[in-house]
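Letters A, B, C, D, E and F mark the chains in the order given here, with residues in each chain numbered from 1 onward.
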Amino acid sequence: MTRPHATDHALPIDAWRLAQAPWYRPSGDEADCFAAACAARLPILLKGPTGCGKTRLVEHMAWTLGRPLVTIACHEDMTAGDLIGRYLLDGNGTYWQDGPLTMAVRHGAICYLDEVVEARNDTTVAIHPLTDARRFLPIDKHNEVIAAHPDFLLVMSFNPHYQHRSKDLKTSTRQRFVALDMGWPDAQAEAQIVAHESGADAALARQLVELGARTRTRAAAALQEGASTRLLIYAATLIAGGMDARTACRVAVIQPLSDDADLCAALSAVVDSLFA
Amino acid sequence: MTRPHATDHALPIDAWRLAQAPWYRPSGDEADCFAAACAARLPILLKGPTGCGKTRLVEHMAWTLGRPLVTIACHEDMTAGDLIGRYLLDGNGTYWQDGPLTMAVRHGAICYLDEVVEARNDTTVAIHPLTDARRFLPIDKHNEVIAAHPDFLLVMSFNPHYQHRSKDLKTSTRQRFVALDMGWPDAQAEAQIVAHESGADAALARQLVELGARTRTRAAAALQEGASTRLLIYAATLIAGGMDARTACRVAVIQPLSDDADLCAALSAVVDSLFA
Amino acid sequence: MTRPHATDHALPIDAWRLAQAPWYRPSGDEADCFAAACAARLPILLKGPTGCGKTRLVEHMAWTLGRPLVTIACHEDMTAGDLIGRYLLDGNGTYWQDGPLTMAVRHGAICYLDEVVEARNDTTVAIHPLTDARRFLPIDKHNEVIAAHPDFLLVMSFNPHYQHRSKDLKTSTRQRFVALDMGWPDAQAEAQIVAHESGADAALARQLVELGARTRTRAAAALQEGASTRLLIYAATLIAGGMDARTACRVAVIQPLSDDADLCAALSAVVDSLFA
Amino acid sequence: MTRPHATDHALPIDAWRLAQAPWYRPSGDEADCFAAACAARLPILLKGPTGCGKTRLVEHMAWTLGRPLVTIACHEDMTAGDLIGRYLLDGNGTYWQDGPLTMAVRHGAICYLDEVVEARNDTTVAIHPLTDARRFLPIDKHNEVIAAHPDFLLVMSFNPHYQHRSKDLKTSTRQRFVALDMGWPDAQAEAQIVAHESGADAALARQLVELGARTRTRAAAALQEGASTRLLIYAATLIAGGMDARTACRVAVIQPLSDDADLCAALSAVVDSLFA
Amino acid sequence: MTRPHATDHALPIDAWRLAQAPWYRPSGDEADCFAAACAARLPILLKGPTGCGKTRLVEHMAWTLGRPLVTIACHEDMTAGDLIGRYLLDGNGTYWQDGPLTMAVRHGAICYLDEVVEARNDTTVAIHPLTDARRFLPIDKHNEVIAAHPDFLLVMSFNPHYQHRSKDLKTSTRQRFVALDMGWPDAQAEAQIVAHESGADAALARQLVELGARTRTRAAAALQEGASTRLLIYAATLIAGGMDARTACRVAVIQPLSDDADLCAALSAVVDSLFA
Amino acid sequence: MTRPHATDHALPIDAWRLAQAPWYRPSGDEADCFAAACAARLPILLKGPTGCGKTRLVEHMAWTLGRPLVTIACHEDMTAGDLIGRYLLDGNGTYWQDGPLTMAVRHGAICYLDEVVEARNDTTVAIHPLTDARRFLPIDKHNEVIAAHPDFLLVMSFNPHYQHRSKDLKTSTRQRFVALDMGWPDAQAEAQIVAHESGADAALARQLVELGARTRTRAAAALQEGASTRLLIYAATLIAGGMDARTACRVAVIQPLSDDADLCAALSAVVDSLFA
């Protein structure tokens, strides 16, 4: 049980510092562009498919820049209050508790809004004054106006493949960001990543990357998205742990991708051809 | 009446330990794959129709692994707060109470989200940081970041037969899980299960399994789903308790499956032919 | 004014015991099937039209079995909290108050969810762990897991004639219940019921039952449902109290059934022919 | 300012007693049927168009029977709690306050739910146990079950002309009521009412009743409903107060009925022909 | 900061008295009809387009009759509680605070519900008992029934041009009001109003009124509504303050009316021809 | 942690004073019209596309006029309470806290409602009494009526390009404002702005302005909106910081504008031609 005594109200920004360097392998100029936008204090929008490495890039940059990283997974029930803060009650009445965005603004952290299109409008509008020349956060609830710490950086991610749905980023929000378009790493880089993360050998990693590539080609036709690097790492990890390669591909790649029996059979044939 | 005195705030994780070994009969490699994913600390998605044994598999694995099992039946009114926790009020002000997911994360339990597609987006997004390399749970409400206990395992179930409706798992969620595709047990295994659970003899169990198989064939045509193993056990139990077989099949299989008079008559004819 | 003093928190389960035996006349094997399912601790679903006697059957069984009967009329604004319980506040802080379902689970009552399709999903999902082999009720709000009392029995009712609307029972819920299909009693039985409940003589009761039967034939065509036994009892009661038979049929049968002038005129002609 | 001191919690049922006899002129057997249903303790549904005298009939019966009349105007934002009661907070913690329905049930008043189709389902379902042989009101919020006072009578009104819209009374609710179909009074009776209520002379009242009749004929074509008796009384009152008859008909009959210029012109021509 | 001490709970009805006579120029018999309805204690519905003078008429009548004027701008998020009142909390527990409608009912003010179709049903239904012979306001929240002060008058406004949208006044509400149909003042009257309010000379006022008239003709075709008198006063005020007439017409008439470039150009041509 | 002690309730209007003169370069008569409307105490509506300088104009005028500027970013979850104020709780009970609009009304600030079409109806209706001759703000929650400070000015912005969506300003709201139609600055002015804000040289600024102009031509066809001046400044800033011009245009102009691969390629060709 955690009781918020007065002495507990110390600022918890240090809880968000990374404990160790994340392993990161750049696939293009995304890290350089990120660093340049950060130096110019411009907010950053990361665009790319599920599991292509957006979160990992942000972690790498936070470690490199030595800043805390406050990550917020956006969803449609998240309110501006969840970001900014709220009043709580103890024996002495109400007191204010900063939300994660406010903490990042005050203390100069990187604030990473993951899958921002999932958030409601009040969330995206709340960040507008932070993303132009004003760089301040108004806290209406207690009439405070916080000037952003010089090291504060706002980063958001979104997946353009979902963009044709009912949710989309408003133009007036998009035009406040430097946007980095991230795709899948090339085959060699991805094989290195799969091998490094799973402990699998290079040959297996290359085979799995080839499997991933084939699902991505197929994605335009029948699958919503191809296999992410993460799923390939899952399969490699299971195989490295002793599981049969075909079984591992079935449970870590095919079944997560589709519930359609015909499609699963087609993908199984691909697996069989690669792991014959 | 239960009053949450300060002394009541002991962690109730042990309330979720199974009291006895559940009876379990594997129908394929699902238990082995589950164990391998668990050993690699990969989250697991169980796919399959109503009553095919998903819950029983999780109970079996929890018992085998010696871990508490926190089961959460998902529904569309469940909020992230129901999973993560909330502030309560006593005479000394507010105090924090962990929700079931947070308990499982802290204490190394298996957390089983049953019928996860029923949950709202904020629930499924809340589990994202727990289902990749980060394995942490941010608790925004009091700015705590919990690193998952090494024994924590997240398992979710969903029924792909409902997938064509408005609700579906987002790709960005699916691609975070090892997925096990479970179907009905084969006839021999199912007859063993029915006999074991109901105390019925083997011949009756085989007859009921045959009835179940015929409703499943018919399912593609007119029924939404065929009879679950559970319904067959219900019928066997009632017959073992002295009820006429046709009556038992009527109230435990036919009437639960359909309200359509013609369809019920057709199913009755099947029952009559099997229990002539 | 009722103030919930500490001393008021005595368990009110006895408030739900029936004071006297309800009059009940079986029309088929429904009471026997109910008793058998109850003995096997299987949950029961009562299917049938408005006013055919579902509630009366449950009352009869509760009296026969000597168990309290907790009846809950379901509606779309009912939350899981209304069933399970909630925290209330008095001078000493918050305390927990069991909801009606929790009371029934703890103390071994029959819990009757009337018109369950009206309830929201969170209500129907909340009962899932009570309706399989587990038979427990998790109370997330204070992390308690209640094993059901051996005498606890869950009964739900629904009217399949409404089933074609937007609301329907989920298959994963239906397949957890033994289902009893109830219809109108046969003419002789219904006349006995009407006479017994209203104090009317047998001849009048038979005439009214004939009127009811004609409205039910017509129901398929223009009426949503035919007259319930309850409406026939209303008419008999008014006639027994001195009202003219045609007037009583108009206000207790025709006007409650329809607002359409042509349909009411057609039904009046039926009344005229029966009570000429 | 009204502060609910403990001493203020006296039961306010007497606030709902009528201070004087309402003037009432029966147009058919509605008062006799009402009295008979009341004597048999059967709930009553009043059906009829806007302003035809439903409220006045209930007031007349409440005065004749010597019972308090608790009137509740239903609307779609009304909750079951608004009817049944709620917990309030004072310096000693929470206390329960009966809602208007609960008051009527405890103390034997007539409870009149005006325009019941406007209410949400939870409201109409909450009254079910009060409208069959059980005659009790369960108060889930503090687990109380109130047996209705013998003099308690439930009356509801609805306007079948609105019935074709999205809102309708459920069959399972309708079949719990004796239903009285009320229409416009005949011309002579309506003229007496208009004259009595406005102080206008009989000739003017007859002219206005004729105007009303013509708007009701037209209603099927272009108007949603014809002029109510209330509007005719308004016009008569304004004329009795010195206003020109055509002006009074314009502001008290035509303009309230329609915003369509052509329709208003047509109605003006009717007025001109009657008040030439 | 305003703290509601006990001594602050003085009734604030006097805050709603007009400080000075509003300037008012009648355009028809609307003031006479208003006065007659008021004398007969009949509620009043003002119908007319945006900015035609409905609010000004009510202010004029309130001043003439010497009554406070409580104005409530209706919107779809306004609840019955916003009108009627609510419980607030201070150090001694909760106390009741009258809402603006309740204040007006108690103290004999004119209560003006502006744009009533914007309000939710619970708001319009809450006023029903105030708008027939009963003239009382039930306050369910603390079971009080307030008889209206003899000087209480209810006035509502609505704009029939919006009526074809999803929102409309219910017939059962409309038929409770005397309705005054207000349109634009005639050209001479409007020029007087524009000159009086802006300080502009008569010639300019006439030119602006001519501009307004042309936009109103055009309204049926392309504009949603023509220019209100208020916009003409804005333009006159800016010109009287030294702005070029064409610029003033652009920013005070054309740009507020439309965002369509073609339509703005057409309106500019009208301005050019009038202010050549 | 910020605890609202009684001594903290000083009025925070000074927090909203600008610390330094914003750089502003007029592109038309918008500043003059703004000043004239302000002198006449008429509310102002700024119409124009994303990033054309609406916020900057308001800041310039606030600095020039020496008034505090309270900026409120509107969104669909903002309630009238967020604007007007609310009751908070401390150890002495509840106290009232002015919202940002109320602060501006009391103390004579400019209140700027940014993107007002995003707000709910209750927000826009709440400002109606402030935007006509009455100039007062009723605070229903504690029955206070605030006359606006003579220096209070209401300014709203909206983007007509979004107007064809489901959200639009109501005519009854529009006709309360002087409206200034703002577009992109001309090429020379925009180049000056880009150079001033980014520190880039004039030649580069002109090239980027040319790029912006080409995206705006294209906007009618495929892009929702062309590049804002803000994006051009971003690109110039990155180039001034050492980034390659084509990369800067990719991440600061092309990628923020579109996710469509073909469109991005076409825009890249434009960039290549300009920065060959």
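Keep this in mind: contacts are C-beta pairs under 8 Å (C-beta built on N, C-alpha and C of every residue); 3 or more make two chains touch, one makes a residue touch a chain.
From a predicted model like this one, the values you see are computed outputs, not experimental measurements.
Chemist: If you take the chains that touch subunit A and keep only those that also touch subunit E, what is left?
Modeler: Intersection of subunit A and subunit E contact lists gives F.
Chemist: In how few steps can one go from subunit C to subunit F if every step must land on a touching chain?
Modeler: The distance in steps between these two chains is 3.
Chemist: After a C-alpha superposition of subunit A on subunit F, what does the rotation angle come to, in degrees rounded to the nearest 5?
Modeler: Between subunit A and subunit F, the superposition angle is 60 degrees.
Chemist: Which chain's centre, taken as the mean of its Cα atoms, is farthest from the centre of subunit B?
Modeler: E
Chemist: Go ahead and note the Å separation of the Cα centroids belonging to subunit A and subunit B.
Modeler: 30
Chemist: Taking the mean of the CA coordinates per chain, how far is subunit B from subunit F in Å?
Modeler: Going by mean C-alpha positions, subunit B sits 51 Å from subunit F.
Chemist: Using Cα averages as centroids, what's the distance between subunit A and subunit D in whole Å?
Modeler: 59
Chemist: What residues in subunit D touch two or more of the other chains?
Modeler: 89, 92, 97-98
Chemist: For the complex, which residues does subunit A have touching subunit F?
Modeler: Residue list for subunit A touching subunit F: 9, 29, 33, 36-37, 39-40, 42, 45, 47, 79-80, 87, 89, 92-98, 120-122, 124-126, 128-129, 132-134, 138, 140, 142-145, 160, 163, 171-172, 174-181.
Chemist: How about subunit B: which of its residues touch subunit C in the complex?
Modeler: Contact set of subunit B toward subunit C: 1-4, 12, 15-16, 50-51, 55, 71-78, 82, 88-92, 97-100, 103, 114-115, 118, 159, 197, 224-225, 227-228, 230-231, 234, 237-238, 241-243, 247, 251-252, 255-257, 259, 264.
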